[in-house]
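Residue numbering begins at 1 within each chain, and the chains themselves are lettered A, B, C and D in the order written.
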Amino acid sequence: MSLNPTVDSLLATADAGIDADRARLAEGFARVRARTLALAEPLSPEDQCVQSMPDASPTKWHLAHTSWFFETVVLMPHQPGYEAFEPRWQTLFNSYYESLGPRHPRPQRGLLTRPLLASVHRYRAHVEAAVDHLVARCDDATWAAVQPLVELGVQHEEQHQELILTDILHALSCNPLLPAYEASEPPAASGAAGTPPLHWITGPAGPVRVGHTGEGFAFDNESPRHTVWLQPYRIADRLVTCGEYAEFIADGGYRRASLWLSDGWAAVQSQQWHAPLYWIAPDDPRAALPQWQVYGLHGVKPLDPHAPVTQLSFYEAAAFAEWAGARLPTEAEWEAAYALPGLRQMTGHAWQWTRSAYDPYPGFRPWAGTVAEYNGKFMVGQMVLRGSSLATPPGHARSSYRNFFPPAARWQFSGLRLARDGAC
Amino acid sequence: MSLNPTVDSLLATADAGIDADRARLAEGFARVRARTLALAEPLSPEDQCVQSMPDASPTKWHLAHTSWFFETVVLMPHQPGYEAFEPRWQTLFNSYYESLGPRHPRPQRGLLTRPLLASVHRYRAHVEAAVDHLVARCDDATWAAVQPLVELGVQHEEQHQELILTDILHALSCNPLLPAYEASEPPAASGAAGTPPLHWITGPAGPVRVGHTGEGFAFDNESPRHTVWLQPYRIADRLVTCGEYAEFIADGGYRRASLWLSDGWAAVQSQQWHAPLYWIAPDDPRAALPQWQVYGLHGVKPLDPHAPVTQLSFYEAAAFAEWAGARLPTEAEWEAAYALPGLRQMTGHAWQWTRSAYDPYPGFRPWAGTVAEYNGKFMVGQMVLRGSSLATPPGHARSSYRNFFPPAARWQFSGLRLARDGAC
Amino acid sequence: MSLNPTVDSLLATADAGIDADRARLAEGFARVRARTLALAEPLSPEDQCVQSMPDASPTKWHLAHTSWFFETVVLMPHQPGYEAFEPRWQTLFNSYYESLGPRHPRPQRGLLTRPLLASVHRYRAHVEAAVDHLVARCDDATWAAVQPLVELGVQHEEQHQELILTDILHALSCNPLLPAYEASEPPAASGAAGTPPLHWITGPAGPVRVGHTGEGFAFDNESPRHTVWLQPYRIADRLVTCGEYAEFIADGGYRRASLWLSDGWAAVQSQQWHAPLYWIAPDDPRAALPQWQVYGLHGVKPLDPHAPVTQLSFYEAAAFAEWAGARLPTEAEWEAAYALPGLRQMTGHAWQWTRSAYDPYPGFRPWAGTVAEYNGKFMVGQMVLRGSSLATPPGHARSSYRNFFPPAARWQFSGLRLARDGAC
Amino acid sequence: MSLNPTVDSLLATADAGIDADRARLAEGFARVRARTLALAEPLSPEDQCVQSMPDASPTKWHLAHTSWFFETVVLMPHQPGYEAFEPRWQTLFNSYYESLGPRHPRPQRGLLTRPLLASVHRYRAHVEAAVDHLVARCDDATWAAVQPLVELGVQHEEQHQELILTDILHALSCNPLLPAYEASEPPAASGAAGTPPLHWITGPAGPVRVGHTGEGFAFDNESPRHTVWLQPYRIADRLVTCGEYAEFIADGGYRRASLWLSDGWAAVQSQQWHAPLYWIAPDDPRAALPQWQVYGLHGVKPLDPHAPVTQLSFYEAAAFAEWAGARLPTEAEWEAAYALPGLRQMTGHAWQWTRSAYDPYPGFRPWAGTVAEYNGKFMVGQMVLRGSSLATPPGHARSSYRNFFPPAARWQFSGLRLARDGAC
């Protein structure tokens, strides 16, 4: 069954050999838009409206903002006669684009009980129809301009799909009832085989090439491809597990200042951290059982010692590595090792904190136009994460992908992989 | 048509002459419970979940808390075998009763997307059935204990009915779209006759009696009735109007430190006050018209110069009075003048800030038992308001009623009436 | 030995019968100015510059501000040709007079390392010479205007003398070395006789007159004298002692919410109060001895169970009274009982928190002119204290004196006296 | 004239050929200790006690802390029988060494009016005598351990010498009187020749070696020396001047979001930045003249358009570079270009913000022992500055020196040098 009639007709046309590119893009667009709605499906209107901290946004806001993006970046500049679905929403659903006018303050997104969810659904449908129409009918010159912008909008929406999950999980975690996002039980992630022993794999030393190769989509921050010089190093073949992290805790990890960066130790004390964000200690009044439990998308479960640890800040990842007599890999080391045989869990399990601050690549230039603010202006005060997580849309990330968060951020599916100086 | 079958049968029984008191209470209970739901009716589930500041609570929380009150104060101590509808909600919906166990933090009430609204509706129905049953069936000794507690619960719920309106109005006012709570136009409040000239009315001097007379329900803070000695004074026959307040603004009221109490002036500067909370200045980007407008339950309307000014802090009320060459009445002056001929707008328009801090009456003792925390523990740092507002349930207030809020509070329907030293 | 030559010559003239009033005022002025310097004498320049919290001011600032007051209120309006000692100091040393131009921000007074202390001493001498000259030489019409202002300046400086002690004590208390303001041992305050049993004394009921009688100096907030109506009450003949307060602590006083006003309980928890401000618990790492100790002007001493407890907030005083089955007196009760036989420790030991918010007296009008801001604008959000403390200059206070502080203030020598409803 | 008798005797011994190393170190120690006192000389005791923000420390604290460092790192572990001058000062003057016990809270260093300045001077003398004795008399094994620690103490004290100047300048800048640290006029820094035109100089591309070569002293964060790969770039031959920065301001630099990093723009708005920290705008009420002026160690001076701009945050440096069509150099680019002919103002004028976050070098290991916390634990959230400033002690810095501050820090003598992609 096809996703919508416009795509149907486009695909039909494509069959006639006219424009397979347009058809592919339209299909990808339809697929990602439908997936976004599907992610919101288990949530009530209240769930979709709530905002639990300034860094996280309501689901409904994500639904609207991803539509605002197509409207503002694609439709208004390129579809003659297009009018904003509702002009006042231009302000409400702008995230951080200074060049695109005023914005509703980020910490107050949760106060937007109106527009109602149903109205946002209409907004989505309206934008989708207009994008479909533009993709199907625009002339070739317009297509040349529009095609990369629609592709960017699709990638952008995939980024927000991950945020929908991490943001709602944070909101639900603030509720003492600890409700599950999805009640159904997932297939066991770690299997009965337990945690395999960690193996070290030697990475390439000397000059290596990193950055986007130029094939397929990439964000501006992955370019230009360039040479870096690596000292000899080795990298762990798998992620750090919850079981290993529990040993760190049991060994006083959160009480030994010598393991921590200064800012990290300050956070431990002022925020009273004593475990990853969603871990529930055996003596927590919310814990039904006298053992470590972990809250997640499927509710509260007993800690799985074989599963990768997640919901860590950079500070915690770095402290664990220090405790383990190792360190975090740099982002170049991670990327250079990406395709080596034996490396596992590089994507799809947990974002992996690296020991690299989020600096621009040599020769980096932001995109031109309204999307110039996409990545470059955030290149200070953040750390790079590599890989992708169980919440990342399949196919979204790649070996050159640079995710980034402030070092104290804990509400993502962020974990770590160890590294060490010197070859094996 | 009757409100519910239990009340039906009780009234039928009452006809038979058995217990008219029980029937009256059951009917009042049913009426106030239904009215609460009716107030929430215009609101979406999102609207009912949102919390816009720590001082305001979500509608859904009010719906649940007023049920929690009956469950905790009436049912659990007095209905043998009663079990909490959901034990974990005991914590979620406790407002401030330290003696009743831990509480969900007040600033995080808006994060409670669960329980869902429908579940809270079921909670209400469950509690109502149990209260109905208890009222109808308990023995006389139990009735003696239960009767005042149910009456208190009814009065308590009426207080929350006013808060439902003022709290949701604040939440909606934070939305740049300025949605109306109720779209329908109310009948004009002020009439075509304009603002009548203000007349001064001389109040009684020397010893007067104030406080609750003992007839009918009253809160503990209205007792004991006692003598105070009043110096000669006069009091305005009507409230200060929006038109008069606009003159104060136009005369630089918010820019002249000499008119303000020190804390008030600090608030003017740090909060950048320049008009009552919901006034929209002619140059406000949200104003469709180049004139003063006022946001309220029915949305944005042009300022009505004849309507009583509301949404004032105590500081603003006191500064206006200073500017007008007058002062605020004390709460004893207000109460002593209550029944004088010629006084208008004493109730039903706006709560009236008095020049009295909220101190205990001589000989005051809090109620015994779980409701000891009802009023007494708030008797510091607040100012008394008298009268009642357009948001107060009809029949709720009385001449001895003491409302109270911190002097900086602005989100209530709070205005002022002038007074002066000396008889006319 | 006389205080200065001007006073000498004035007194000589006075002997000739010309103007004993001027001589008396000049002598009082000289005495209070000298006493201020004497209070600063034990302190180093650093001590005199430091500010430990926004509510407290540096000693040097007090030295300069009390001179600024005479310069601004007396000299500039009334001494023809007088020029400010240093025009830029008009801003630096203005405390809170909005009508007198801009002010240096209060929380930043401690940053004023310049002017140097020696320059402030020159400022004082300059102002003193000019005031002496004005008092001695002005014509009678000027004298009529100047006399009450100089008298006010003297009283104002006495108020700051108390603040010099309480503010520096707070600053020194923040130093882990806990240095003494004065090393020398004071005579034992309580004597060997121990704590006498508390006696209740019945106060007058019905109409009583309170407020300043009109004889001698008083601040504007003590007027007009007026009638209040008191219900029967009794009042303790002495202050609550440290020993009694230690029992309250030992009985869980700081852990029982039911004893506290709501705001007080919030302060206990957020500020982690567990004893009066300067008490040092037996397990405090700064305590040399395993027993309660108290830090004060003479350093750390073992707790004296017979001494009046001080450094209490209103919240703590009210909680203690609740625990003791009593209450705080109102300010009218305190004043009406002032001269009753048997009452002890009414002045000179500790300011006594009353159960009265700091509201204006009926008919209150602030002074005219620049000193209009002296008291009236603070009449909200504060509680009244009566009596005087060991840090109050002798002769400064009187039975109608109204001191006031916010209910959370703890750095004054503030304690309590109990009261109860009903005659003995 | 020699610095002290111990050094005299040591040098005499050295002449005899025994231990020139010890003599050199003792002389360097004496010189740096004397210079620290000389820097404090123009300041009053109040000046030396004040703390204007948590990031800055009082002069007196610097005087004591640099002595504490020698006492704790050198004397207590290596001088048998040495006892702390005053054990309680171990806590007061510990800066951030978690392994060395508790610390007085950094934001409260300004409250330490005691110990008095004279006592700190005695502390310094006591420590100096003990270090002199140890250096002169210890056995060779002890000398091997002590020598690098004394050298580190000397370098550490030089770092604090710069902070003494930048911290006191900040404190004095908070005083509306804007007092000068030193009244005497310095020789004109820029000369009559004006600003020379900027020339670009091509740096080395491909693999280059950076980091400490191993000759002479270096901090741990400069090692290990290692290879990095540079893309072609050019670097400006001189620093950006005040005149150029004034053009940036005049061109709306502080009002154009597109020039700024996101965090920088947030700082511009929330902190209301509109010029470098100590610039005084023509309309500033503190400005005596209707032109830009700059506050500095010698008081307020008219802006010198030829002088290097200083007191910039990283955000401002990056925004200026963006405005100028250039960028900041990376720290590796800066170091690789260091010795190129034609480069001027590399040291001695202003620290130069680089586009490099303060990450550890590959293979970095902190020092062992108590000084392990010296640098490594700060390697997150900060940006690297290279060069040195007019406040840096002569001879202190070197080409591999890595200074670091948070990106919002503005109170240092921090400016910038431009760079661009591609060779000339």
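Keep this in mind: contacts are C-beta pairs under 8 Å (C-beta built on N, C-alpha and C of every residue); 3 or more make two chains touch, one makes a residue touch a chain.
None of these values were measured; they are calculated from a predicted model.
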- Query: Comparing centres built from CA atoms, which chain ends up most distant from chain C?
  - Reply: A
- In angstrom, rounded to a whole number, how far apart do the mean CA points of chain A and chain C lie? 60
- Item | Whole-Å gap separating chain A and chain B, where each centre is the average of the chain's CA atoms | 46
- Message: For chain B versus chain C, what separation do you get between their C-alpha means, in angstrom?
- Response: 39
- Mind pulling the residue numbers of chain C that touch at least two other chains? none
- Item | Listing of all chain pairs that touch each other, if any do | A-B, A-D, B-C, C-D
- Item | In the complex, chain D residues that touch chain C | 44-50, 52, 60, 88, 91-92, 104, 108, 110-117, 171-172, 174-177, 179
- Task: Note which residues of chain C are touching chain B in the complex, please.
- Result: 96, 98-99, 207, 226-231, 233, 257-258, 260-265, 314-315, 318, 330, 355-360, 362-363, 372, 377-381, 383, 407, 421
